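Consider the two complexes below, in which chain A is the common component and chain B and chain C are the respective partners.
For the complex of A and B:
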């Protein structure tokens, strides 16, 4: 990657991104094609993003505390969703009885998009942190169960036979053979659920909240502060990307002996 | 032989019973909880919800009957999702085939992609107003990246043996693209479309919850605002059925169009 840093195509990429911002700037700040409340120029947006770290108007909190509120809820819901979803998926795939009991109920709840739970959770748990965490739990839980389940099911039969031949008990087969070989799938589930968690977090905050990045852009819209809306979107995008990168680093640490494609 | 068939039927019905048992148990528990405990104050039992779902086919729930709500949502999904599939495939194929195109648009695409769909709702309302256009845009955005990325990945994973064989047999660049590369990434196109469909449905529901006067998402949201839990749950059940139906239709289309490739989904 480093080697072709200044190749022709890298230069083109840099030019294309720069051009994007220049055109945006010229169209909005110089030519005034659209009024600023529809689309502010990029400098204004980045200015708003930086200023928001200290300014509390119009939504009553600085960017830092919005980010803290969002992260807290997202990580709580994601943590519980992974902590319960992965074991359930593993148990469902390994033990037929668990599968028989849990599968139908799970299949019943699965097609409901996580955000549809928002009103129900608000009614059950109020508009506090718990309701939002519960919605995120639902959105993290389902991909985790599905992917751990497929991961365990795809355990190579040969590996299981070898384990049996060497006298492994059923439980040992699960912990020593099936779970390690399912790890890539389990992490795929975690990655997917991290993505959906972040999406449902933002929607939960837009619909019912008094803190958080979703709330910030919703208020920004109500006050026609488009610069703030865009600044909030950028912050949401950067944080979501950062979380995904962190998870990928953890995955690279833990998952070993991967075959086939990949970096 | 007769014995065997009987046994088979017995096994099958046993399996069906075992599958249904937990669901029925869950519904009965829910019903009992709604009838006899304080949960009843918070939410209706399943009987009430299913009853309300059936009634809403004839009697309007809010401004429309439930099938009209579903049609409104369907229209939004179809317009947004349809245009996302078409442009997404073109974009993904161009990304995969042309280095120049990749250099030009990949960075911008990666810049915009991490922003979740819902975060676009306020700005799309500012840009396109509260009409249908902003909902189309949201669904489009939710579906586009999934299709584009999946197609792009499909092109990258074309079996090099196939490409080599085609080249050895004297394929032109053009033939290689249209006869080898594109057909072999059709399964990826479909898996992208499948993921994009659920993303699109989710986006339309959020868009309707935040800003609309009809649609399945509106039902859920309106129920919440008037503390009408039956309406919320009816909307959720309708939504689940809607999503399942759409996915099933798409899967059938896939089975027809690429019968040689049976994905286990």
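For the complex of A and C:
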């Protein structure tokens, strides 16, 4: 990886990002095509982002504690959604009875968008951490079930035969053949879940919260602090990207020997 | 007469009696069945290298699946010694045309899979696996994943894996079918070397006449679908055999003449 760092593609990417900020700067700070309260220039936004680490106004908390609040909720919801979703998907694919029991309910829940749960979760759980975590749980749960299910179903027949000729029991076939072979799909489910978790987290925080990056953006809008709104969006983007990178590192450690994995 | 002399004093390892196999066909309008094997009876003797040879799509794979216990016959029965074969088991190893290594395990992991599933002591199974890896000529590749190996090397792992549980009989279903011609010639010599080194009963399926005559102690010629035994040939050529020796070509020609034309 180090070797490629200064390859021409890296250079192209750096130029494209720089150009983006330069154009943004020129349009806002120099040409002033829109007023600053509609679209502040990038220096103001990054200034606000950095200052927010120490300043508590106007929303009552520093950027650090907003980030901590958001991460806590996101990881809690994602953790439970994965911890329950992956096993359920695996069991549904492997055991017909589980499939028959769980599928009608699951198929009913599946098309409901995660943020549609927000009102009912507020009613049930208030506007505390639990309500938001429950919404995130719903958004992480569903892609995990679907992808684990597909992964197990795609287990190659010959691999099952190999396991059976070695005298593996049905349960051993599941744990030693089907689950390892489904790992890439399981991780795809986790990646999708992480993405949707992060997306619905921000929605949940905008509606039902007193802390978190979504809340910060919401308050910024009320106070016409467009610089804070944009700073919040940048923080959300960076953190979401970081979480995805961490998950990818974990995936590369666990999933081995497959096309497109590990070096 | 020749056959009587050949089997004299040999113990039958696998006995297949009047086996029939039909597959259900479910069409939109009618339900019916398709007969693939029609009254197949044969015996396989201890430590012989038997080739099941027949035209393409004649039901060879169905036959091998029934002999190895992966599939059940519609009628008739298969015995290993005095025990009826009703399911796959460690007494019968299988090498597949699709090779079907577990991509998530290393070479060592694949070869060790069987002994580990059987609960054999770790150090002992490791030692045996190493022996087999050396035997198939893959020392130095123990920690490689299948994805990084060539087709021929993968099938070497497939063979080592099948040997790892010390089965009494090895079934090989067109194991070199997916390899290029050069690799195939090399692997044919390799399989004989391995066979000489680790004597087992081998049932080898192929639709390649040259391969059949090169390898076999005895060739069982199958009819086209629905299949059964058409003719048997004792191949008493000295090993190593030459593909171009007059006797070789003579046998090859005779069997080709007797063979049903494929559809």
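Here is the rule we go by: the second predicted complex is superposed on the first by the 245 of 263 C-alpha atoms of A that agree within 3 Å, B and C clash if a C-alpha of one lies under 4 Å from a C-alpha of the other, contacts with A are read in each partner's own complex, and residues count from 1 in each chain.
As a convention for this text, a residue touches a chain if its C-beta (ideal position, glycine included) is under 8 Å from a C-beta of that chain, and two chains touch if they have at least 3 such contacts.
Note that the coordinates shown come from a computational prediction; the quantities given were computed from them, not determined experimentally.
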Practice task
Have a look at where A:68 lands relative to chain B and chain C in the superposition and call it first, second, both or neither.
Solution key: neither
Exercise for the section: Look at A:156 in the shared chain and tell me whether it touches chain B only, chain C only, both, or neither; answer first, second, both or neither. Expected result: second
Exercise for the section: Applying the touch criterion given at the start, work out whether A:165 contacts chain B, chain C, both or neither, answering first, second, both or neither. Expected result: second
Practice task
Considering only touches as defined above, state whether A:183 meets chain B (first), chain C (second), both or neither.
Solution key: second
Handout entry: Superposition-derived comparison: chain B or chain C, residues of chain A touched
Key = B
Practice task
Pick out the shared contact residues on chain A: the ones touching chain B in one complex and chain C in the other.
Solution key: none
Problem - Complex contacts: residues of chain A adjacent to chain B - result: 8-10, 12-14, 16-17, 20, 37-39, 100-105, 108, 111-120, 122-124, 198-199, 202-203, 206-207, 214, 217-218, 220-221, 224, 226, 229-230, 232-234, 236-238, 240-241, 244, 261
Problem - Footprint of chain A on chain B - complex, ascending - result: 18-23, 26, 42-43, 99-100, 102-108, 111-112, 114-123, 125-127, 157, 198, 201-202, 205-206, 209-210, 217, 220-221, 223-224, 227, 229, 232-233, 235-236, 239-241, 243-244, 247
Completion exercise
Within their complex, chain A touches chain C through residues 156, 158-159, 161-168, 172, 176-177, 180-181, 183, 255-259
Handout entry: Residues of chain C that touch chain A when the two form their complex
Key = 68-70, 87-90, 92-94, 96, 98, 100, 102-106, 113-114, 117-118, 145-147, 161, 165
